[in-house]
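Below you'll find the structure I mean.
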Amino acid sequence: MNDVATALGRLEELAIEVPSWAYGNSGTRFKVFGTPGTPRTVQEKIADAAKVHELTGLAPTVALHIPWDKVDDYAALKGYAAGLGVGLGTINSNTFQDDEYKFGSLTSSSDAVRRRAIDHHFECIDIMHQTGSRDLKIWLADGTNYPGQDDMRGRQDRLAESLQEIYARLGEDQRLVLEYKFFEPAFYHTDVPDWGTSYAQTLALGEKAFVCLDTGHHAPGTNIEFIVMQLLRLGKLGSFDFNSRFYADDDLIVGAADPFQLFRIMHEVIRGGGFGSVSGKESGVALMLDQCHNLEEKIPGQIRSVLNVQEMTARALLIDTAALAEAQRTGDVLAANAVFNDAFYTDVRPMLAEWRESRGLPADPLAAFKASGYQKQINEDRVGGQQAGWGA
Amino acid sequence: MNDVATALGRLEELAIEVPSWAYGNSGTRFKVFGTPGTPRTVQEKIADAAKVHELTGLAPTVALHIPWDKVDDYAALKGYAAGLGVGLGTINSNTFQDDEYKFGSLTSSSDAVRRRAIDHHFECIDIMHQTGSRDLKIWLADGTNYPGQDDMRGRQDRLAESLQEIYARLGEDQRLVLEYKFFEPAFYHTDVPDWGTSYAQTLALGEKAFVCLDTGHHAPGTNIEFIVMQLLRLGKLGSFDFNSRFYADDDLIVGAADPFQLFRIMHEVIRGGGFGSVSGKESGVALMLDQCHNLEEKIPGQIRSVLNVQEMTARALLIDTAALAEAQRTGDVLAANAVFNDAFYTDVRPMLAEWRESRGLPADPLAAFKASGYQKQINEDRVGGQQAGWGA
Amino acid sequence: MNDVATALGRLEELAIEVPSWAYGNSGTRFKVFGTPGTPRTVQEKIADAAKVHELTGLAPTVALHIPWDKVDDYAALKGYAAGLGVGLGTINSNTFQDDEYKFGSLTSSSDAVRRRAIDHHFECIDIMHQTGSRDLKIWLADGTNYPGQDDMRGRQDRLAESLQEIYARLGEDQRLVLEYKFFEPAFYHTDVPDWGTSYAQTLALGEKAFVCLDTGHHAPGTNIEFIVMQLLRLGKLGSFDFNSRFYADDDLIVGAADPFQLFRIMHEVIRGGGFGSVSGKESGVALMLDQCHNLEEKIPGQIRSVLNVQEMTARALLIDTAALAEAQRTGDVLAANAVFNDAFYTDVRPMLAEWRESRGLPADPLAAFKASGYQKQINEDRVGGQQAGWGA
Amino acid sequence: MNDVATALGRLEELAIEVPSWAYGNSGTRFKVFGTPGTPRTVQEKIADAAKVHELTGLAPTVALHIPWDKVDDYAALKGYAAGLGVGLGTINSNTFQDDEYKFGSLTSSSDAVRRRAIDHHFECIDIMHQTGSRDLKIWLADGTNYPGQDDMRGRQDRLAESLQEIYARLGEDQRLVLEYKFFEPAFYHTDVPDWGTSYAQTLALGEKAFVCLDTGHHAPGTNIEFIVMQLLRLGKLGSFDFNSRFYADDDLIVGAADPFQLFRIMHEVIRGGGFGSVSGKESGVALMLDQCHNLEEKIPGQIRSVLNVQEMTARALLIDTAALAEAQRTGDVLAANAVFNDAFYTDVRPMLAEWRESRGLPADPLAAFKASGYQKQINEDRVGGQQAGWGA
């Protein structure tokens, strides 16, 4: 394996953005369960996110979702977050909850609907200027449920035009990341269903447009780390939405369903120059969570998630790349696989506990959270009002 | 092909049960769109269902969902339905929308929760006595999201005990049908995930327990008509929930995604004695719809659905079974496949229009619906109140 | 529906290339069954292919596979084919059956292996000059079986370099088409696994490089017609390998598993300008078969296949595109779907029989083949020698 | 976690049967690569298997495949194996490589073909009496490629009759295990495609018939450990065929694709009483490998495989079942998952190295194999003759 100290040294560069909506309620089409202590406001979401960062040192920024997180004064919100030790991150647009978007948003054949959707993104960019956010993330629910329902080609062309308008509005240091998704909520076709489509669309836009890879948005069996490799090679990997899945877009805790896959993904991120600072310059690939804590506690669920990413990153950093290259060069399949797996099977948890303590962080962030009384406090404080969820 | 007159003659036996909830609003976890004219009460749902039957002659019964369709007086409801020309059919229980069921219902390790879930089924059986329903359909959302979250074996044993209690309460002519589902809303394990589990559980219960096969509840690539064949062979196919899918449990209009599959399914239903009256005795296999009309109009969506089942049944009845058997016997793969497909590719729509007219039904039920002014009327009438949906 | 005469008129433009290897033996890793009459030489394969064209008028060219179809004199082979009424089409390279390619061919980290693979493609191009073939088709078996076995990024870069060398050797009117495949024979990663990779690689090559879409090479649930639409939109759809599947790359007869899907694909081909002559200029999209007749008779299997493509093309040409566009414009989901399906459910077989007869072709090509005595003749003639298969 | 000493103590009970055919050549339909040192005879296969056992102490028996491993004198073969320190295990029948079985074997509608297939199993049982084997394993390639090709119901009935004949021939202490497989080599329907079918068929046979679960034979996304749980609950889990997969039946090294899944499977095996001696009595569940070493070295591939099973069994034995039960009881999702994962993430390799050394085994069996010179020796010795593979 690689030298542990060197490997752990690079962990300093790890930063994971958490989504404000992970702290609100979520569920399935069958039921959304509410829980005590759920935030009612964006400020309360940020407070919860700040707690995650305080205990782990891993989550310095919070992604916002517009309109769920709309406020009157974003400068004040930024100040509020800074006061809690975190920053505001990616701005996520939403064109899937208005009745007008029933048959599409940026792809709509209605000029009025498309205008409305584009204007919403202009609003998001305005907010980005106030929050200092770098990335505008676009996930589209656009698609159809039945063959023949709409003209897929026309929609794709209109999508290109809409994105062009939005792209033109970006500030110099701002980026657009376009997310793809295999299916849901559309069940016949989705307008941005795969990385190829997102790549072709962002390639047409220009250098400030990138692909967002959500680890839960692929067909069964898809080799995700291959896509990571390819997008990094093409210079178009903008960001990750981390979560995990057994079936569809289950939005489970990252690493929970297939930890070995997360390890392989982080290996390709590192291999492809997508991790941390590269020659003194940020790689630009944003690592975000996008999850639903339907059944488990939300704040501990987020702590568990960032720790999972950290643990798998640490394992990936331990791969003895020289030995791996040598085994690969000689076609020694079992030796190459063994070098690779040796890092995966190494129990990095004790090292990471030490690493944390050396930085003044609790060795066991989940135990520290339980001991903190924070959950009890918010359960008591957050009474009345409307618990946050996807619709609010 | 088979003699057309003979084939069409057997169409008289086709009856498709429609679900009351198909007339209410439904959607995805992202959004439920409302539409004008949506029923506010179970009576309005039944009225819509009766319209489908009036125009097609195919949908003589309506399935109810408890508690969504709870009323004080089921005898009155039955009379109301009869007045509109339809009957009340299967009673569907619901153990997935109460907070108590967050971690399971009939499988729960909590005696109180399990008691509550069993009692709910007792209530359903009481209702069945009043509505004259034959079937109690149980679909369980029970499952877990994370490995280790619960003990799958203990849950399976408790499920068996709970079902035994419910089964013991059935009247002499009542049946229990247990539905299985591959995944959703649980994302790691589901307690009744496949036909094998439903078969093993209902086999243990006894002769009045059967399997319900929902066409959207299988893993990708599953040969569903094989399962139809096997369950009919084992004497355990109780009912169908018809719908169609491209990905997961999309709940699209039956036959919309893969009409050839529906044809193959209906062929196996007929081949295995599951269709209509068999030697003067009902086969007992109930054909139901279970769909969501998220984007399309609901009543026309239901008309389209029952017509799809009728068209594919007609095609399946046209298969020249003698020629098929001969080609199969001689190992003539292409000839056997050609006999099979010849029926599928036959355009039965003109014959069915004639068949309808000969029975005093409109040749084109969808056009007749549009011409009827019914939709306009309910759009005007059904103002105010709470539109029906999954939660009400 | 569209005017039938107009629709059928465009059928003249339909030409389907058949693969020489479809007439030889094929099978699974478990067993390859031999059959009487199987060709021993490329000339016998071409004779069989010519019979398909003679009876259907649909298959004017035969694709060759090098080295399986190597001969000393390609001019003579071309003349032989012309004498039977067919031409020689696409040249398919093979880098998956030599021991040297165990760990890769165009992606190999060994200069010698890569040189060998590139030179093989040079040889193919030389053959193309003699046969007058337009397209060089590259399907790579390259990939790995275990995580860590090789460096995916390095392989991708070397692939780009190898392709560049091959591309540079193409004649002015020659094209390179790069096929992608989800998996098999590699089971962890495949070097060209999806359309996105094939698109990115051919985009880097230039205007004479295109993507080949094999209908059996996708993940479960993939919307293939979307990819057809997208590649036509991007100007990069070079050719199809037609076949069908229920599970993996089953290589069944095109249209056999999901005829509705084939209809949808042909609709997008037509919609996107990929069908036949477009404004007096060939669209350039080659429609080829790539199938295995493991169990069924081979020549009738090929006849069935080209007829299936013709039938679904005819149905797709019948779509009332004006009515479809109007229904789409107004968001009438059911009406749009109905216009679409109306064409699919129309039984075009009688029209096509007439169409054939009007051109001096047999109304029923399969019956004509049976009546021709051709199979009996080749069963008697083709005795001794080595039956053709994938290895020869 | 559980007490390590206790956990490791139970490892004594672990025994993994290795398949004779893993030491021969295998491949895909595209290519089978040969390698130096590959056995030419069953004796050489057994010698290789014995080497695996010698170095790991984990593989005391070798499964045979008839007719690939046919010999004149099985008593002598048994003695030969015993001399090398291993026993002969499960007898695997083969009804997929004769031309007669093209359209089926035990399911064939031809009395002669079915007779031949049944008689082959009688021969296998005769061999079992000589080898002292307990289990007759039946995997059927039977199925069809096209809808309509054959009558699935008739085939299922004939399968039941054929199995009944074979079952009746079993000796008192012999068992029949029936394997199921999702698809391949048949591509439309498979006669024993799922555990439900294997369960229903073996249930009808009686107490000496069981299900064999091959970990690579399921639809994408299937929760395999649920099936393990269910079959153990129903008393019908007879044996495992271990291997791993990313896509279809890839037959990769067990644990290579998804080690966490193997851990979960072993947890359910232990939970359900399927591991080792239970109250002084063998559980009866046989753990076998069934893999293909297409690219990697065969003997080291087998060593890696048995070590993977041992490592994941050790991890599963480390689960703190009391803490797990408590977390489950209180609905603490994250705590339960954490207890579960804590065992998985523990690096058991150092403990296992010690465990091995304490038993006189090499701490690192793979290094010991490399140092032994065995491979070099067989490469030199095994020259000439026909290398073993699936066809011989």
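Read from first to last, the chains carry the letters A, B, C and D; within each, the first residue is number 1.
As a working rule, a contact is a pair of C-beta atoms (placed from the backbone, for glycine too) under 8 Å apart; a residue touches a chain by one contact, two chains touch by 3 or more.
Please read these numbers as outputs of a predicted model, since none were measured by experiment.
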More contacts between chains, C-D or B-D: B-D
Listed pair (A-D, B-D or B-C) duplicating the A-C contact set, over half by residue number: B-D
Euclidean distance of C-alpha centroids - chain C vs chain D, Å: 38
Touching two or more other chains - residue numbers and ranges from chain A: 102-103, 145-147, 149, 182-183, 188, 220-221, 223, 246-247, 256, 260, 295-296, 333, 337
Residues of chain B touching chain D in the complex: 102-103, 109, 145-153, 156-157, 182-183, 188-190, 193-197, 199-200, 218-223, 225-227, 229-230, 232-234, 260, 264, 268, 271-272, 324-325, 328-329, 331, 333, 336-337, 339-341
Contacting residues of chain C [partner chain B, same complex]: 220-221, 223, 246-247, 256, 258-261, 295-297, 300-301, 304, 311, 333-334, 337-338, 344-347, 349, 366
Residues of chain B touching chain A in the complex: 26-31, 33-34, 96-97, 99, 102-103, 141, 145-147, 149, 182-185, 187-188, 220, 245-248, 250, 252-253, 256-257, 294-296, 390
